[in-house]
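In what follows, subunit A forms one complex with subunit B and a second complex with subunit C.
Up next, the complex of A and B:
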């Protein structure tokens, strides 16, 4: 039975429950390879749902919004929300639950054992003429792509999003219903970070000053991040103005250092910040570096252990004293 | 004129600030390059303070608090240590030399240690030269 059919059946059952207000899932977008989030409230709507390697968004971002689709927080009240999550997305739920951002008890989680998602920009570059809705499935390490009446097969690693190429935990860490087969977790060795660390300090400074200077401060990275959900964000504060707003390399540096460091020990590597960046700034490089150091220094991984306390809310007396005089 | 580094030092009220005071009353000599900001605890230091100081024109930043286990608020310095040790590595990754941001533990009785810490930090920053990534520099480039 294919995953979409499995998903629809599970969703129908869940939406029929009285204690469930709505379901957040994916539906076919309006053109080409675009898939969009959808919020369903009625069991009859479940035939809109799909799950495929095109479902790139991290839907947990919706949980902390004031309004989920047609429903306000008040309308939802104490009812539960059903949500479709991939491996990385499920870890956002674990972090949200640990820091009291959103209680896991208020969720019905449909976990998808993800085969990895495609990088939409890569696939659109391969098929520039795709206008009518296209389909992508996985078959033996290949993506089978049906687009404009033609079917072609492309090796998976040519189109996979970079976060999925290095992903070690494709299995959801929390779920109530699982779609797809169980996958074992692997050990993350941070090869990508090691390559960046090998540069000398001048090269690093030049690289990041250039990257940051391109930022246009649209804050899409913050808005797309499921874990940037403070209702009173310091980026928006004018009194006191923590972060200046001029679009220059220096002020952008402050913004990006702050943004990345706020996610230290929290980033679950869903890659949404990087995906939505209109200037293609490699934001995940910052998050990955922090993830590597957090693992090295504190043996901590965000969102893996549902019982773990937030990294900076706890300490050990034997923590590293590196560089302290 | 030779380069004189500007160093912003965030000192905890209960240990290092008193330690620095003791260094003064005990007539220890140390470089006049630090500008002190007193905070109630080293865990008050938001990493943003450090970046902001560097971008606003400081050549180096020093954060100093009580020794582990001696925090006036029991565990503040442990929490600060977690954050700031990680932050120091992160700054290095972005091309800000780790010698520009130092941490130290100086208790209220360690006036001599405070003098040593300031000497070491100042010499470290002096060796690196002026901080290139700062707003002042940017304005100068724009106006020229």
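Up next, the complex of A and C:
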């Protein structure tokens, strides 16, 4: 049975439950390869749902926005929220649960064993005229693309999002219902970080100065991040104003470095920050380096173990004290 | 005015003839495209598929220092720091040029904004007609065209692999042509025909559209509709749509510095941020994301046309392309129309 059909059946059953308020999933977007998040409340709406390699968003982001789904937090009360998650997305739930950001008990999780998602900018570059709804499925190691009445097949690695090319956890770490086949997790050896680490300090400074100077501070990286959910963000503070509103290389650097460190040991590598950035700043390069450091120093990976406490909420006497002044 | 012809191998000569002013043009840097002030015309890339770079910064930079101060012998000294060198923007799309006309109406309106207007007066716009509109373009729906002339001083159109037709649209444009001397030649009738044909061909490639009939009255009538809640649920409240919009122009005034030295500046602000309308008391009259999207749509398609005579959208589709969650302005307006008709 195809994944979308399986998903719709599971969703219909879940939405019929009295203790479930709504379901956050994906539906066909407004044009071409675009898929959009949707929030359903009625079992009769589930034929809108889809799951495909175009479902790029990490929907767990909606759990911590100031108004959840179609209802406010007050209106949902004790009712549960059903949510569709891929492997990386599910890790956000584990982190949110561990740090008391959002309780896993309030969720019905539909996990999708993900074949990886498409980099939308890459596929749109190949099919620049896609306006009618297009479809992408996976067959062997290819993406099969139906676009504007024609079907073509492109090797997966040519279109796969970079986060998926290095992904070791395509299988959700936490779920109630699973769509797709189980996949084993693999060991992350961080080969993608080596090139950045090989740079000397001047090269690093020059590279990131240039990258950050392009930032327009639209805060899409922050708002698309499921784990950037402080109700009182330091960026918005006026007294004291930690980061000035003027968009300069210095203030932009302060913003991004602060954010990266705030996500150390927490980032679950869904890559949403990098995907949404309108200025193409490679933010995941920072997050990957920090993930590697966290793994090496503390043997910890965010959101993998549902029982694990937050990294910075624990202390072991054998922990590295390198860097403590 | 005149139409001239420029062979593509002479584009550099033309750009080099623009002297004593700064030249802003699209370039590719580290695989990314943007409009930058350039020294060397060789770097200019005209036929970019990806034209996400915004150009409103030419007259409305993200940071604008209004004045600076420092303490001197006789107390505080105020420094006027505005530097507004004459700028020629080359390769601007017709939609982006039209955006300046829309912004002009506001900044020249009830209150004349000296900062914007000084920059604008010092800006010459040389357009490049779109020959390959993107899959999110809908400029004809908002009164534009891939070869639109509004706001432009000169307009370049590809008429073959080796030549541009150059339409002279203003005296400022003519001055640039005059200083270029014999780099350009007079266009013949065949060139003019090709130029018209290119414009028509591009227009036919645009496939997205939105019905704006009576939209300025329709939107206010849907003010209390639940449709806004549904639309707002999906929004994540970032500033991509506003910051990348060529006609969005909201700003915040900030003071930076200490008693010894500092500056007052304005920086872009956006109506999609919760903080935009939060009051000193803590009350926020637009606390839901749907309320904010409603305001943005009303501003663009109702308040602005009623107050200033222009729809504040040029159909570039950047907000659609860049939105992280596929909030699509066309879909939003269609949904609102549907809700009203029901």
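Convention: the second predicted complex is superposed on the first by the 321 of 325 C-alpha atoms of A that agree within 3 Å, B and C clash if a C-alpha of one lies under 4 Å from a C-alpha of the other, contacts with A are read in each partner's own complex, and residues count from 1 in each chain.
FYI, a contact is a pair of C-beta atoms (placed from the backbone, for glycine too) under 8 Å apart; a residue touches a chain by one contact, two chains touch by 3 or more.
Just so you know, these numbers come straight off a predicted model, no measurement behind them.
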Superposed partners subunit B and subunit C on subunit A - clash or fit: fit
Which of subunit B and subunit C A:39 touches, first, second, both or neither: second
Touched partner set for A:92, first subunit B, second subunit C, both or neither: neither
Touching partner for A:248 - first (subunit B), second (subunit C), both, neither: both
Inter-chain angle, subunit B to subunit C through the CA centre of subunit A, in degrees rounded to a multiple of 10: 90
First, second, both or neither for A:289, with subunit B first and subunit C second: first
Which of subunit B and subunit C A:196 touches, first, second, both or neither: first
Partner chain in contact with A:131 - subunit B first, subunit C second, else both or neither: second
Contacts of A:315 with subunit B and subunit C, given as first, second, both or neither: first
After superposition on chain A, the shortest CA separation from subunit B to subunit C (Å): 9
Touching both subunit C and subunit B, counted on subunit A across the two superposed complexes: 248
Residue ranges of subunit C touching subunit A (in the complex, touch as defined): 30-32, 34, 49-50, 52, 62-63, 132, 134-136, 205, 207-208, 229-230, 232-234, 236-240, 242-244, 252, 254, 256, 265, 267-268, 270, 273-275, 287-289, 320, 322, 324-326, 328, 330-331
Complex contact set, residues of subunit A against subunit C: 29-32, 34-39, 57, 61, 65-67, 69-70, 124-125, 128-131, 210, 214, 216-220, 222-224, 236, 244-248, 272, 275-276, 278-280
Subunit B to subunit A touching residues, read off their complex: 47-48, 51-52, 55, 68-69, 75, 78-79, 81-83, 85-98, 102-105, 117, 120-121, 132-135, 137-138
Subunit B-facing residues of subunit A, complex: 196-197, 201-209, 242-243, 248-251, 253-254, 257-258, 260-261, 264-265, 286, 289-290, 293-294, 297-298, 311-312, 315-317, 319-325
